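After this come two complexes, each holding chain A, first together with chain B and then together with chain C.
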Partner chain A sequence: MANIQEKIAKLFPEATFEDGEILLVNIPDAKWHQLAKCLKEDAELHFDHLVTIVGMDWTDKLGCVYYLNSTKHNTSLSVKVTTDDREKPMIHSVHDVWKIATTFEREVYDFFGIIFINNPDMRRLFLSIDWKGYPLRKDYDMNPEVNPVSLENERQEDTTVSYVEKEDGTIEKKVVEIFAPEDFVVNIGPQHPATHGVLRFRTAVDGETIKKIDFYSGYIHRGIEKICEGLTYPQTLHFMDRMDYFSGQQYHHGLCLAIEKALGIEVSRRAHVIRVMMDELSRIASHCLFLGTFCMDLGATTMLFYTLRVREQILDIMEKTCGARMTFNYGCIGGVMQDLHPDFVKDVKELLAVLPKNIKEYNELFIGNVIAKGRLEKVGVLSREDAISYGVTGPSGRASGWACDVRKTHPYSIYGELDFEEVVYTEGDSMARTKLRIAEIEQSAKILEQLIDNIPEGEYCVKVPKIVKLPAGHYFQLVEGCRGAFGVYIESDGGTSPLRLKLAPPCLPLANVVDHLTQGSKIADLITIGGSLDYIVPDIDR
Partner chain B sequence: MYDLSVITKWIHELLMSFMPGWLATTIECVAIGVALLLVYALLALFYIYFERKVCAAFQCRLGPNRVGPMGLLQSFADMFKMLIKELITLKNIDKFLFALAPYLVIIASMLSFAVLPWGKGLQIIDFNIGIFFLIAVSSIGVLGILLAGWSSNNKFTLIGALRSGAQMVSYELSIGLSVLTMVAFAGTMSVTGIVEAQENLWFIFSGHVPAIIAFVIYLIAGTAETNRGPFDLPEAESELTAGYHTEYSGMHFGFFYLAEYLNLFIVSGVATLLFFGGWMPLHIPGWEGFNQVMDYIPSIVWFVGKAIAISFIIIWFKWSFPRLRIDQLLALEWKYLLPINLFNLVLMVLVIVYGLHF
Partner chain C sequence: MPYEAWKDNEYIEQLLAELRANGTNVIVGSFDKLINWGRSNSIWPLTFATSCCGIEFVSLGAARYDMARFGWEVARASPRQADFMMVAGTIVHRMAPVMRRLYDQLAEPKYVIACGGCAISGGPFRKSYHVVKGIDEIVPVDVYCPGCPPRPEAMIYSIMQLSRKMKVERFFGGVNRQEKIKDFLANHPEESLGY
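Take a look at the complex of A and B:
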């Protein structure tokens, strides 16, 4: 950490530093683009993964916090860029350094109105194009009359704007057409069986070949981040089940870890074990459902029922302990909500006994099928560089050869002590993504096997203050969800509710990379690629 | 084997005895038409039920089991629902072609239905180019699908229709060539003639290698021709919602639905006719006693039974395999099936010329 600081200080004397769990660099906007380039390209720094961009309103100034990871040195860094202008705040874009920044910056623009200079696409990402105001700013007018619920169709535009910096430093607003006039544009979504929710791909096709995809989301944007700013910390936890509804356990885990880190609470060993087991059970259930729905997308409906059998078994286990089958709401600050059901150990052992047989069946029915091979192999190949640059984490990133499992890179809870392998494939195609998930089911089963006989006695939830007040400061926590790295950023002013709670979901980069992967492939490949990336729409929209 | 033509002849003579010839013929035509429609509808209902039960068995489910005993009335309930549903009229479409399309599809399927050899002496038209007529009329169906896709003024239906056009035109070739192979073997195009040529041994046995190759190709191409999985690209629900019939509602959609199931029966029926002896019972040369027992089973049971058995295989395909992609689909036809088929035709001709068959 010290030498990173030294190196940056030498190159950029304007930079100031704040120590913490992750080093924070303050840099003026004028030098930011230069620093970003240096951070990525310098071999010693090599921060090639942009985890998230957190937009912030500190009332006196607006700005962004960029969280960066180095895949080579496994180091983390955060950079803060601010602007004093509230009328027309502008920050330089880094979309040419990290490709995912294009979309992350759109999100910040949507919520804070910060314009990113040189970003090719400065539209709103989630809110409708006629929305007035920027909802996450502290001076936002919440009056429903400002933005009434429209009964009309949402206005659509086929153009986007871009603010380009010219040689002499002046900024010019340019209107850019999204599609060429002769393009045949097909709307895939928002109501389409293969988008797994209300997501919309405006697809320009030439016959059956895809030319370009414009990814359009926000149909189930609920403003979770905004809602959380008005809730106490225990209340914010409930929303973690409502994003990626298959990773509810992991997301709870992530937010709990962040809050516990801030409070300095040490969770009992029993709670740790329970949490990890629940995480892995959800992972198996999620990957099973992925396999089923993915095969259904490809036209093989029978597989769905075979995979749902296992998922049902897991949901029954969850139901006994958590009392719910979908929105578990099980993790809480200090541990878990209630103790394990007496049948838990027996049920999990039954599950582990049937899993290998089921996996064999999946391989025989689908993976070994010659049509499935033809549909999946060499389709949607994502290179390692692109996976990192587009921020594609989770099983999709690992199928491209990027070892990005947070359980291994930044071990949390008791993952550091457990014996499991991080499965990494190098092909990067849809087949690798599918096979990798099956392999991950096996690894999760391995973790469960280690823990099921070793659940320690003790309290399942430690004592926490009745009123949870986080010390002023900012906290960041990454966990591995079912679909990739899930980041939680909390900024607290010492009160009972967060000043800013940023949730960095893995599915936004996944949906964003579809355009890159599908160019030149067939319409049917869009379904294959989208399905194999396995994004969940509520997770994108939040 | 009981010849059903005795009954038809008796009816004909009875009518002729007390009314003028033109009236008798008209009454017969109407009666046959009504009977045909009835059988058509009943078979479609049976097939819907059959497929649901079969697919449920593959998927560890029970299938329909609420309406009627063992869910037998489920398809009837579905049919009545379909009949009383509104036909939604859409804006900005070519109304005439939009309405015409389902009728084209259903007419094509009914016409081919008419040529099938139902039983000994139980055939609506029996003329010397029967099988040629069947191939010709079944090709009208693709017109209906193309019109449906085009007139709906919807991008999904258009893509579905284009896919369908490419697919059906390609696979028609394979069907035609494998039928030609068998016609060459039978030496006649008459449907009755082909059945009677199999009196001693079904073609799949007597024609051995080339007949088996032709059967496999016919089964693949027939599945593609009926737009069923794994070749259901024109209506790939995960890609194009419902393909060419996305915009249809009520009974117009019902027509497409019926035609799809009946085409399944027709494809299986033709396979039965060409390879498994049509309504001819299983005869093994030399086993006189066995052959006699087989003869007691009515010919119509033989035909329908064999057709349903082949449909079961096609249904099995659908519920096991993922869908192909359009380029893979066309490559399969043009790069593999067509050359194999041409080679097979030559092989068959050699077998016939040198008398290498049983």
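Take a look at the complex of A and C:
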């Protein structure tokens, strides 16, 4: 950490530093782009993964916090860039350094109105183009009359704007066409059975070949981050079940860890074990459902019935302990809500006994199938560099050869002491993404096997103050969800509710990379590529 | 299911009383019975899901809950072939016009089930700036199915309620239902739907 600080201080004397779990660099906007380039390209720093951009409104100024990871040195860094201008705030874009930044910056623009200079696409991401105000600003007018529900079809534009900095430093607004005039554009979604929810692709095609995809989200944007600012910390937890509804347990885990870190609470060993077991059970259930729905997209409906058999078995185990089939609300600050059901150990053992047989069946039914091979192999190949640059984490990133499992890179809870393999494939095609998930089911089962006979006695939830107040400061936590790295950023002013709660979902980069992966492929491949990435739309939109 | 086990029996009785008020035509009434028997046992849903409730709807279609045994299994991707729309999930500002359009595209007679807390009232997201506070502001709702998400059993119950409702409707002559929809649409014009 000290080396990084020394090195940056030498190159950029303007930078100031704040120590913490992750080093925070304050840099003036004028130097930010230069620093970003240096951070990525310098061999000793090599911060090539942009985890998230957190937009912030500190009322006196607006700004962004960038979270960076180095895949080479496994180090983390955060950079803060601010601006005092509230009327027309501007920050330099880093879209040419990290490709995912284009979309992350659009999100910040949508919520805070910060314009990113040189970003090629400065449209709103989730809200309609006629939306008034920037909802995550502290002075946003919440009156529903300002932005009423409209039943008129949304106004569409075929152009986007870009604010380009000229050589003399002045900034020029440029209108950019999204599609070329001769492009034939097909609209896919939001109501389409193969988009896995309400996602919309505007697809420029040449015959059956895809030229470009412009992805539209926001059809299920529920404004969770803004609602959380008005709730107490324990109240914010239940939204974690409703974003990526398969990773409810992991997301709960992430937010609980962040809050516990801030409060300095040490969770009992029993709670750790229970949480990890629940995480892994969810992972198996999620990958099973992925396999079923993915095969259904390809026309193999039968597979759904095979995979849902295991999923239902897991949901039964969860239901006995948590009391719900989907929105468990199980993790809580200090541990878990209730103790395990007396049948838990027996049920999990029964599950582990039938799993290998089921996995074998999946492989025979689908993976070895000639049609599946023909449609998946060498389709939608994502290289390792692109996976990192586009921020594609989780099974999709690992299928491209990027070992990005947070359970291994930044071990949390008891993952550090468990014996499991991080499955990494190098092909990067749809087939690798599918096979990797099946292999991950095996690894999750391995973790469960290690823990099921070793659940320690003890309390399942430690004593936590009745009123949870986080000390002023900012906290960041990464966990591995079913679809990739899920980040939680909390900024607290010392009160009972967060000043800002940013949820960095893995699915936004996944949906964003579809354009890159499908260029030159056929329309039918769009379904297999989208399906194999396995994004969940409410997770993209929050 | 025995009659006493149902909830909302008063509502069905009231519908029946309305129908019987003018007497039943012997011939048309018999045809009504036949057709209602047929269509109430083959209600085809529209594949429409925005969030969590949609996953429970998938479970409903799979082997364990198996909605096929009731004749509902043919989930249609096109609204023109579907009988009802199970609004499974939150409806937000951006989705509202799309959903209304899907509803308009459903062929008559059409029905809507508001499935889950979000569709009924906005649910846990009621305080949000971008969530519709109940779909009954946009489309007429026939059955409300509470839960977050409702269990598949609850979904089965709600579709069975819908099928019961269909059975006591008059398919011929009785235009009461269509008039109700017309009234609703007249009161909720497309231009002015602010709160």
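Just so it is clear, the second predicted complex is superposed on the first by the 542 of 542 C-alpha atoms of A that agree within 3 Å, B and C clash if a C-alpha of one lies under 4 Å from a C-alpha of the other, contacts with A are read in each partner's own complex, and residues count from 1 in each chain.
Keep in mind that, in the parts below, contacts are C-beta pairs under 8 Å (C-beta built on N, C-alpha and C of every residue); 3 or more make two chains touch, one makes a residue touch a chain.
Remember, predicted model here, so these are calculated numbers, not experimental data.
Peer 1: When the two structures are overlaid on chain A, which partner does A:435 contact: first (chain B), second (chain C), both, or neither?
Peer 2: The answer is neither, since A:435 touches no partner chain.
Peer 1: Let me test your reading of the model: by the given contact rule, A:474 touches which partner, first (chain B), second (chain C), both or neither?
Peer 2: Neither chain B nor chain C is touched by A:474.
Peer 1: Quick check on the superposed pair: does A:369 touch chain B, chain C, both, or neither? Answer first, second, both or neither.
Peer 2: first
Peer 1: Just chain B (first), just chain C (second), both, or neither: which does A:538 touch?
Peer 2: A:538 sits against chain C, while chain B stays out of touch.
Peer 1: With the two structures laid over each other on chain A, which partner does A:99 touch: chain B (first), chain C (second), both, or neither?
Peer 2: Neither partner.
Peer 1: Regarding the shared-chain residue A:193, is it in contact with chain B (first), chain C (second), both, or neither?
Peer 2: Both partners.
Peer 1: Check the residue A:142 against both partner chains and state whether it touches chain B (first), chain C (second), both, or neither.
Peer 2: second
Peer 1: Tell me which of chain B and chain C touches more residues of chain A.
Peer 2: C
Peer 1: Touching A:522, do we find chain B (first), chain C (second), both, or neither?
Peer 2: first
Peer 1: Between chain B (first) and chain C (second), which does A:305 come into contact with in this model arrangement: first, second, both, or neither?
Peer 2: So A:305 meets both chain B and chain C here.
Peer 1: Give me the intersection of chain A's contacts with chain B and its contacts with chain C, in residue numbers.
Peer 2: 192-193, 304-305, 309
Peer 1: Which stretch or stretches of chain B touch chain A in the complex?
Peer 2: Result: residues 55, 58-61, 155-156, 159, 163, 229-230, 232-233, 236-241, 319-328 of chain B touch chain A.
Peer 1: Please name which positions on chain A make contact with chain C in the complex.
Peer 2: Listed in rising order, the residues of chain A that touch chain C are 126-128, 135, 140, 142, 144-145, 147-154, 190-193, 197-198, 218-224, 226-227, 230, 238-239, 241-242, 245-246, 289, 293, 304-305, 308-309, 311-312, 325-327, 537-538.
Peer 1: If we count contacts the way the header does, which residues on chain A are in touch with chain B in the complex?
Peer 2: Where chain A meets chain B, its residues are 184, 186-187, 192-194, 205, 208, 295-302, 304-306, 309, 365-366, 369, 371-372, 374-375, 522-527.
Peer 1: Spell out the part of chain C that touches chain A in their complex, as residue ranges.
Peer 2: 47-52, 54-56, 58-59, 61-64, 77, 89-90, 92-98, 100-102, 124-125, 127-132, 137-138, 148-149, 151, 188, 190-191, 193-195
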